[in-house]
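First comes the structure, then the notes that go with it.
Letters A, B, C and D name the chains as they come in the text, with residue numbers starting at 1 for each one.
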Amino acid sequence: MVKVGIVGGTGYTGVELMRLLARHDGVSLHAITSRKEAGMPVAEMYPSLRGHVDLAFSTPQDAQLQQCDVVFFATPNGIAMSEATALLDAGVRVIDLAADFRIRDVAEWEKWYGMSHASPALVAEAVYGLPEVNREAIRQARLIANPGCYPTAVQLGFLPLIEAGVVNAESLIADCKSGVSGAGRKAEVHALLCEAGDNFKAYGVAGHRHLPEIRQGLASAGGAPIGLTFVPHLTPMIRGIHATLYARLNRDVDVQALFEQRYAQERFVDVMPAGSLPETRSVRGGNTCRIAVHRPQGGDTVVVLSVIDNLVKGAAGQAIQNMNLMFGLPEGQGLDIVPLLP
Amino acid sequence: MVKVGIVGGTGYTGVELMRLLARHDGVSLHAITSRKEAGMPVAEMYPSLRGHVDLAFSTPQDAQLQQCDVVFFATPNGIAMSEATALLDAGVRVIDLAADFRIRDVAEWEKWYGMSHASPALVAEAVYGLPEVNREAIRQARLIANPGCYPTAVQLGFLPLIEAGVVNAESLIADCKSGVSGAGRKAEVHALLCEAGDNFKAYGVAGHRHLPEIRQGLASAGGAPIGLTFVPHLTPMIRGIHATLYARLNRDVDVQALFEQRYAQERFVDVMPAGSLPETRSVRGGNTCRIAVHRPQGGDTVVVLSVIDNLVKGAAGQAIQNMNLMFGLPEGQGLDIVPLLP
Amino acid sequence: MVKVGIVGGTGYTGVELMRLLARHDGVSLHAITSRKEAGMPVAEMYPSLRGHVDLAFSTPQDAQLQQCDVVFFATPNGIAMSEATALLDAGVRVIDLAADFRIRDVAEWEKWYGMSHASPALVAEAVYGLPEVNREAIRQARLIANPGCYPTAVQLGFLPLIEAGVVNAESLIADCKSGVSGAGRKAEVHALLCEAGDNFKAYGVAGHRHLPEIRQGLASAGGAPIGLTFVPHLTPMIRGIHATLYARLNRDVDVQALFEQRYAQERFVDVMPAGSLPETRSVRGGNTCRIAVHRPQGGDTVVVLSVIDNLVKGAAGQAIQNMNLMFGLPEGQGLDIVPLLP
Amino acid sequence: MVKVGIVGGTGYTGVELMRLLARHDGVSLHAITSRKEAGMPVAEMYPSLRGHVDLAFSTPQDAQLQQCDVVFFATPNGIAMSEATALLDAGVRVIDLAADFRIRDVAEWEKWYGMSHASPALVAEAVYGLPEVNREAIRQARLIANPGCYPTAVQLGFLPLIEAGVVNAESLIADCKSGVSGAGRKAEVHALLCEAGDNFKAYGVAGHRHLPEIRQGLASAGGAPIGLTFVPHLTPMIRGIHATLYARLNRDVDVQALFEQRYAQERFVDVMPAGSLPETRSVRGGNTCRIAVHRPQGGDTVVVLSVIDNLVKGAAGQAIQNMNLMFGLPEGQGLDIVPLLP
């Protein structure tokens, strides 16, 4: 049994990790930390966990995380970079669900995240945890940078086109829509039901932190820099990301076959039949990314529709998929979930 | 392995049965019928089932349901009463998720449901499938009348009080709120997002079909007729029932202890700590009924708050709980689900 | 033209006052204060007001509110009681949308609101601004205590029964459901879309501040203390209150006629035809309270359904109705709004 | 007073026309037809109109529409083209809110709408009712083709760029998101709250009927054919369209100034300050189109954000704006509405 700790379990990625780990046969949940809520039973804050998680939140000191095999950081940006070293030194493997280790160019990271990086050396060591790209490296990794939610949906949608070199990579467009849980469980006015409900808007048009992460991944896949316009939008639902991706084909190609071949062995990427229109609810609660490819009016603009649950394949589910790979467990263990529809 | 058939799998209780049965280790799914959609792969209508259910809808003839061990009717009212006999005669056990066998007084049933009953004899045989009341009879039953969603939430909320005789049973009030999925997957104007969204209303105030069902259950529990005012409301959410129940105590009693004792052995009834305020989302996707009991200002009015997921404990989950009992499986098999929150 | 000031215009009642006053021909908007946002154009915070309100938020000092004819307090509880005296002394009339002057028993107020009252003398002077009860007093008032949202819906629903003495007033039940805007525009976790969306729950069962306000109003109407169980619920919508009221008739009476007669002259109370089921959206954005009365199965329990828009008849609209009365304007001026449906 | 008739008043554009016309000082509402609901008071179907609209639905025969000055068709496609001629011959002016007269190329229309056109001659006469483009022609018109909702938002967003010739018009992208009311008040499964709620999806990717309408308008504005990829999406809200538009600049230009100049005289187009992020709710219930222009990272991709209320500027409001122009009334009469927020 893999002994698991969670740092910062009071947010949505924290409770989602617990939801999934509670039904994972290969792990035991050792500790969940929260300085602020130390002592409170987890199930008191999240009654959905009553009968499933008996732990209380503990302080980092009491948690004795160095006894764990793996620790998940479900914390704000900037925490894991300060606390990971001690755990790694103690032989604990670390999966950071925040952004601390996602960007290899530390100066670029510092610019977008507005703080100095506490552990540049770890950035170089960290493996970007997108199994569909880095599976073998993940198996060997001590430290995983778990991808962002938008980057997961966008990269999985563009990868087959970029890897095959069949699109003009200088003018990609990613028009993305996210449920409000992407903003986390923070007391902020813009995420109130009365602000975000029955409403639709773009945000971060001038520049969103997931832009450099996506650019890095696609540039690596294509072997050359890419040009991307990324516009995220807030949509009045709880979970789900829908990425609508646009690229110009530079040659005639069977895009459906291209996607099917690329993901033929991927358990958590579902290339839907030609003509499909994936819905976010078709992956609600599950770890699957569903993708459909279109060429409207048969033209040279390819439109990729890619949906994930931002809290699962976009966060906690992918983190567990990475953990499974790191510990030699079946990649899908604990993730064999039928999405909740309706 | 219990061989399972489903009649009428295109509605919400049908897809919910499939979601749950797909992860149930003790069953094999044999056939799902739909006259209208015969030939269509189930996962084409419900992409959430892609990779989990490989069957296509079949006609009733092709389905060969008499080969099943058990058949669920996830059909409109009036179907099971006509089709159950042939299956029972073939040795197949039947669980009806509709209302055909719920009311023991056939004349009363015919009045509320506006049709003649095709099999009055079966009404007498059928066992009302509320395990918290009828567990032993369910184990032996050939035919289960699976309770309605409101009746499940309301009866579980009132039962400890009625059984103990501590409230005035002539003037009970059940103010109930349901998500829209209770209306089914039918093309009806009142259930459109633009009609039911951002809106709240009562309905069925003059008389709702679940009223006689609740009255029958509570009268049986208390050994005397009860008086009940039942007002259902439609609330702009997908899943969930919240029953707010009012009764006058006829003696001073520790209601918290009363509820805890009544349900101490019940895996799917969670009596929350005193002062709790159960949320419908705390049971979303799960088979649990969560209950809290209050005496506002310490007066003699007791307020019971009872929440379920109408599609799970209020329909498909309870049906599977009944199936488990009927076939000697662990009662909670396939139902050990952590609710999806947020 | 009545010269109007608003103290605390950044919340939902503040923006709603501006929405309505911007289209009111008899007023001029003089100043809107916000210490925190002083200097920011109102329409920058609320783009819906672009082209309709040209003012910027000002500090209380800069606002020179003593030059106004009337000042609305759209502030948290506890502000108006400290600031009203100076305005009244300057000859400015005051309408408080918060609770500072609603409860005549100051000790009771201090218990429920958890603070000392700064101006007990003003409590005695203040007129409770429910025009359907206090119209003549409102016309003469210097200081109005604008009713709470729940108290408006509940009192208007119970009044005809209480005034006529036809129900048992010791055991009233008010099961109320509110949209989330009732919680205001405050950064609080429980009002996030991901917490309040697709979810339903009760709150304040042990005691809600609107309980003493409702009790006071109904006791006054009936000439005797009343007993009330009041259970508020949060429903996943933005605007709207639906009060479902239960009472036992103590004699046989034509409740439909009773309500129609009571409100025959009331422009903003709409007694719907017998059998109606009022929807909250039917009053969305409007100042009307719609009411339907039922006697399920012809029994002696009367069920009243009462809906308002909590931000209009439950707050800003009623405040303007009061202002119109105070200044001799037509009572409905600026309030002749067709609700927004869908 | 302009005497107004409405054909087909039971849908959302019908009720929206009535909401707006009920508060329009320059018109009298003569008749509203509905074959199916003839005899039913309008306010019985739409209680929001109680006290504002006293008419009952009438049959087309009883309605005597030829006595009107203007008739609005709020009907499905294919009705106005058969019924307009008789009215025009009787001297009645006609505004069609459906698509019958929007596409000048009749063969193209027949291909997209799947029926033969009953009045090709009227297509040639009809004026496309986008006042920001065709104001003078609208004043003189007998017959108005009121624009579609997506075409309004998309054309207003692209027009300044296309007219000025500053973008590559062969590769425009319009990624559009609509509230569910765009689907009308029809009993269809895909528009149920349980299907469209808490969910996001694209539709019509292979080809949507608004594509040729947008292409026609932009080609006319630019004097050359344009290439457009148009992807509509369904978003879980009631009202609102958010168009996110992408184009490549072919020269360096101050796009903010370009938009401000283009719409300087337009009362119902609000070019927001640079950096703005328009929300759909900022126009909820109002006739304004709000637009913001961005050049992310200062590159040559321009991103235009354009929001309207699909039922107002995208349908009923624009129709009344057209009527005002046709009858020499102030263009904004009856449309001076402060949007409802929250």
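Some points to look at:
Here is the rule we go by: a residue touches a chain if its C-beta (ideal position, glycine included) is under 8 Å from a C-beta of that chain, and two chains touch if they have at least 3 such contacts.
Remember, it's a predicted structure, so these values are computed and weren't measured experimentally.
Among the remaining chains, the Cα-based centre furthest from that of chain D is the centre of B.
In terms of C-beta pairs in contact, B-C outnumbers the other of B-C and A-B. Mean C-alpha position of chain A lies 45 Å from that of chain C. Centroids of chain A and chain B (each the mean of its C-alpha atoms) stand 36 Å apart.
We define each chain's centre as the mean of its Cα atoms; on that basis chain B and chain C are separated by 39 Å.
Under the contact definition stated at the top, the residues of chain C that touch 2 or more other chains are 12, 179, 181, 185, 194-195, 197-198, 236-239, 278-279, 281, 284, 342.
The residues of chain C lying in touch with chain D in their complex are 12, 15, 18-19, 22-23, 46-52, 181, 185, 197-198, 238-239, 270, 272, 276, 278-279, 281-286, 288, 290, 336-342. Across the complex, chain A is touched by residues 12, 179-181, 183, 185-189, 191-198, 236-238 of chain C. Interface residues of chain A, counted against chain D in their complex, comprise 171, 173, 175, 177, 179, 194-195, 197-203, 205-207, 227, 229-231, 233, 235-240, 242, 244, 246, 248, 275, 277-281, 284, 294, 296-297, 299, 301, 303, 305, 307, 342.
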